[in-house]
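Across the two complexes that follow, chain A remains constant while its partner is chain B and subsequently chain C.
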Partner chain A sequence: MTSLRTEPVAVSGAARPAAPRGRARRWTAFAFLAPLIVYLLVFYAYPLYRNIELSVHDYTPRAFVQGDPEFTGLENYLDILADDTFLRALRSTAVFTLASIAAQYAIGLALAVFFHRHFRLAAPLRAMFLVPWLLPLIVSASTWSWMLNSENGIVNAALQAFGVGQINWLTSPDTSLLAVTIANIWLGVPFNLVILYAGLQNIPGELYEAAGLDGAGAWQRFRRITLPLLRPVSLITLLLGLIYTLKVVDIIWIMTRGGPADASTTLAIWSYREAFGTGQPDFSPAAAVGNLLILIAFVAGLAHVRLQRREETA
Partner chain B sequence: MRAWKTAVGVVLVGVMLFPVYWMVNVSLTKTSDMRADPPHWFPWDPTFEGYAAALGQQLPALATSLFIGLGAVALTLAVSLPAGFALARLRPRGARAIDFLLLVAQMIPAVVMAMGFYAIYIRLGLLNTVAGLIVADSTLAVPFAVLLFRAFMASIPGEVMAAAQIDGASTWRTFRSIVLPLSRNSVITVSLFAFLWAWSDFIFASTLNRNSDVIPITLGIFRYIGNNTTQWNSIMATAVVASLPAAFLLVLAQRYIAAGVTAGAVKD
Partner chain C sequence: MNRPSEFTRASVFATAVLALSALTACASAPQGASGSGTASAGGSYTWWDPYPQHDASSAWAKRVGSCGQQAGVTIERTAYDTTALTNQALLAGQEGNAPDVILLDNPAVSTLADAGMLTPMADFGLDTARFDANLIAAGELDGKTYGIPIGANTLALYYNKKILDEAGVDPASIKDWASLGAALEKVKAAGAKPITFAAIGTEEGSFQFLPWFWGAGAQLTRLDSPQAVEALTLWTEWVKSGIAPNSVISNSQNTTWEEFLTGEFAFAENGTWQINSAAQADFPTGVVQIPGKDGGVAATPTGGEFITVPVQKDTARYAVTKKILECMTTPEGLVETGTTFAYYIPSTADGQEQILAKEPGLQPWVDAVRSAKGRTSDNLGTDYPPISEALWTAVQKALSGAASPADALEQAQAQAEQATGE
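Let's turn to the complex of A and B:
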């Protein structure tokens, strides 16, 4: 990595005048970057701009086609903040997101520590844990839907053996948020396991040996060595989990469509439903909710960037 | 001595993969046994009626998904390979700004992107087209791909490229004849992920393509669930078939996958 820094000096020797060479170089760099720049502008910046534009107009389906929506300023934002759904969706988003990332992290870390020690078949077994992460979400979500089915699901059948009565996982407002959270935790464990496992690999083994000689037990080694040294990786894992979980739509929409009675409606689901989930698309409030979500994700993202910078300078 | 650890590992994998087992089990269950109480834990008497129905009805959707996945891979590579090279090697102006934009791009919720694309596509007549879906699906992979390529290409020893430039090779020749062949593994990693994400996409398909006759498999399954809540063996059979690319990747390309997951998050 460090050797690269000196390379341009070696190439652009004293024989050539520096200025035209530098300009040519800049143009070459730009030519290679141009496809990405165009791509970012057309496929990220423009949709984002359109989204903001949607949120400050009153777009009816007709206005969509004719292109003459009424400008309403921040009215859509005020409307959604005043909407009954807003506080409930915010609460569901918080519960869904925090419960998901906390459980994913705890399970992922426990598994990473377990698989960190070498034993027969450790590598292939660890690889098997990737499966939930690689499956299309529609596959996982529909499988969980059937497993959690009230009358014929395997989960209720298993619980029955322990004397638990029928739970209407997906059709009761008391449990639907829990049900989609469980499915989402299952989906996120592989990601946490892989990253935390990679983090564990970077902790020098001698530390554990030294601690072992000093008579530290397994729990103490975990508390005093693993956790502190894993802190940067843990923070990044949790932040990425947060950013990812905030925008989850697929799994909830497929399993419950945000219901029943909005019980599993998060902000992302609310936005999706307003825009695409009913026969009557209502893009303007949907865009306003979406932009609110971006704002939340962006704050988390800034924390991520700052964290990485600090790691780099440390 | 460590055999017990292997045993615990097997049990843990069993618990984690139970839903996958259950999907396969249900896909092989007879329609008449679907409502059995308690459910059959093992398909002693398997039937392939679910698979026959799935393949009979979902084959076009599978082909569509394959095509969309390959298109998304091609577009992703075309955009991100030269960009990764430029960021890693050519020290362009505004590199930091692009880094930042790529990070931000990964945070935008897909539902927001879907609305933006919808608003654009409705004007351009790209709603319900395969081309529109390829473009939208490629946005799932491009930021990741650029960052991965940049990290990889920065690790190619500087001497290799300096030698080429002394021999008079243009930047383009250096890129084509030296950097690209050396980047084979990262190209494979990116292609696998871009394909898998496009293949698995539900949000863009269900928003930009929902009134189309030509639908990808994810939407095929979703509609199947909606129309057909009694035929869970067929639904699960379709799900098993839709999972085959993931299984294929896991068996044949596991090291590339692990490399990709880690590259996205941990910088060393």
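Let's turn to the complex of A and C:
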């Protein structure tokens, strides 16, 4: 402003053609951004707002249709935290998520290293490992529940050949969480395999050659070269896996519906069941559970962003 | 630094394209929806039902279509799974674009009526007095009737005559739980599988458990009574001792029926809707009523759908809707629906006589439906769904060994009290 006053002619002369162009450019930029902003508002901000709104009201079916729910503040959240199901579901979510991503990562990495050796038929075999990814979930989950059926399942039939008695995989509270976790691990291996395999391609071959010349064995090469250089890819794989697995509903719902006796009820299953699973929709507690889950995933997401930034600056 | 910004620009562009296509999809969707006939599409009426197994070429779809034709309109029918239907109906009610007619599973009627979504039948001048009181009870709330049962079904025990003959069991000997237990033991000793039922953690599980629950003398208002514990203990012992397979915990009624059709099971608890399938089985079958604990016939729950009319903004539509309703609920209409479906017993005495004249073999089922009990009756209404959820949860806990029958039912009673606010 001061420069404008001291040298009005020179500045305004220079600025006049520039200002409209700048404004036009800003409008163009905004026009390009507008669809994105609209998209974010419609598909992210509004559902999120609605979810929070649902969770702080008491939406009975009547209130849902009439649109006159009672405002209850944080009551739904307090009810949920006090519910017996909460701690169980939290524990199951932790077990299901951590066991799934740990096993998916370990198996995925082992397979990636295996296929990295470029033997004959590596490509078609690797492609076959992607099948679980391509199958519709309703198909793979139903197949798993048939295979794990107590009386007629192939898994029990095979175990019986080794003298193991009937295991009620899906119908015993002791094993149902294990059963759905196994199925979920199988589903997640291809994703880990693909990402880690791509990561392996980026490690220069000379490093292995040099290490080999220095007398490093296979295990040492894996520990000293593969693992450290794969670190950024591994972190992203694990974090994405964490966020995906936290939200899993379909496979558990199809196999056990969270049962028996809530044994395989995770937070996501709990939320789904309250809202859509019983024929008696309870949207408000369901939204509250959903929001807790969003919070957990959000924290994981923040960790992801932070780690990524640290990797970039490093 | 050049590459990331190019990448960003490209991804912004890609997102913009995606957003635009999503928006256009959004913008065109409502047009499609109103085109399919809620607002003022004159000649077409929307109809939802819970029979996704019957596609557009099925006899049922034709039956619905012909009622539309008689009323001079075309009916656009959409089928949802039973649970999804309630959710879809509530969403549509909220958006104010509910269909003209919904066929609802009977416990859902009171839920939607309480939500203010349904029009009372009296507003159409439809006479509801001619329907069997025990059947129409599920459609009543606060003295008003919100739906008409287009038919009814209930449960009984189907048996495999071949297995019973081989085991030396006379089905007529089954009079109470003790004689049923003896029959099951005999079958087991003969090397066959005694019984299967559906104890899945859904409404189906409660539906299948209720004959035993009521047959022991228990009431839905008191889930942890000694009688209730007796009923749940009966089921639990069956699973523990291998009289019933462990997979009943996760089996639906359809799955258990498939098991029965393999010919390996002596008994299966199943419904009216399997009459045709039982007749076509590879082995001779028969039906006995589910016995009460100390004899007599246990009250079985009524199943079956109610025809209901959601509230419309455009009340001029009701005149045609009334014609569609009449077509579905005249005695002749009820019989036609019953025979189309092969699993509906008409809900009026008139209709029952007419269908018996056509198919005398249905007599045991007509008797069963007459003595059946509505799940929402005993003045439970909208309290029934949460009570039922507590009940099926208890069944799941006891059968899977997570809790004893007494403990499971005690927790269920607490859960039900909390949910119904008592």
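For the reader, a short list of remarks on this structure follows.
The rule we apply is simple: the second predicted complex is superposed on the first by the 294 of 314 C-alpha atoms of A that agree within 3 Å, B and C clash if a C-alpha of one lies under 4 Å from a C-alpha of the other, contacts with A are read in each partner's own complex, and residues count from 1 in each chain.
Please note the rule applied: a contact is a pair of C-beta atoms (placed from the backbone, for glycine too) under 8 Å apart; a residue touches a chain by one contact, two chains touch by 3 or more.
Small disclaimer: the values here were computed from a predicted structure and weren't measured.
Of the two partner chains, chain C is the only one touched by A:257; chain B is not. Judged by the touch definition given at the top, the superposed model places A:65 against both chain B and chain C. By the touch criterion defined above, A:198 reaches chain B but does not reach chain C. Considering which of chain B and chain C touches more of chain A, the answer is B. By the touch criterion defined above, A:147 reaches chain B but does not reach chain C.
After overlaying the two complexes on the shared chain, residue contacts for A:78 are found with neither chain B nor chain C. In the superposition on chain A, A:94 makes contact with neither chain B nor chain C. Applying the stated contact rule after C-alpha superposition, one finds that A:279 touches chain C and leaves chain B untouched. By the document's definition of touching, of the two partners only chain B reaches A:290; chain C does not. Shared-chain residue A:210: touches no atom of chain B or chain C. Shared contact residues of chain A, touching chain B in one structure and chain C in the other: 32-33, 35-36, 39, 43, 64-65, 67, 145, 151-152, 275-276. Note for the complex: chain A touches chain B at residues 1, 3-4, 6-8, 10-11, 25-26, 28-30, 32-33, 35-37, 39-40, 43-44, 46-51, 53-54, 64-65, 67, 111, 114-115, 117-122, 125, 127-140, 142-147, 151-154, 157, 160, 186, 189, 191, 194-195, 198-199, 202, 233, 236-237, 240, 243, 246-247, 249-250, 253-254, 268, 271-272, 275-276, 283, 286-287, 290-291, 293-294, 297-298, 300-301, 304-305, 308, 311-312. Contact residues of chain C toward chain A in the complex are 12-13, 15-20, 22-23, 26, 82-84, 86-87, 90, 93-94, 105, 107-108, 111-112, 114-117, 200-203, 245-247, 249-250, 385-386, 389, 393, 396-397, 399-403. Across the complex, chain B meets chain A through its residues 2-3, 5-6, 8-10, 12-13, 16-17, 19-20, 22-23, 26, 34-35, 37-39, 78-80, 82-83, 85-87, 90-93, 98, 100-101, 103-120, 122-123, 135, 138-139, 142, 146, 154-155, 157-159, 161-162, 165-166, 171, 175, 196, 199-200, 202-203, 206-207, 210, 217-218, 221-222, 225, 232, 235-236, 239, 242-243, 246-247, 249-250, 254, 257-258, 261-262, 264-268.
The touching residues of chain A, counted against chain C in their complex, run 32-33, 35-36, 38-39, 42-43, 60-62, 64-67, 145, 149-152, 166, 168, 170-173, 256-261, 263, 275-281.
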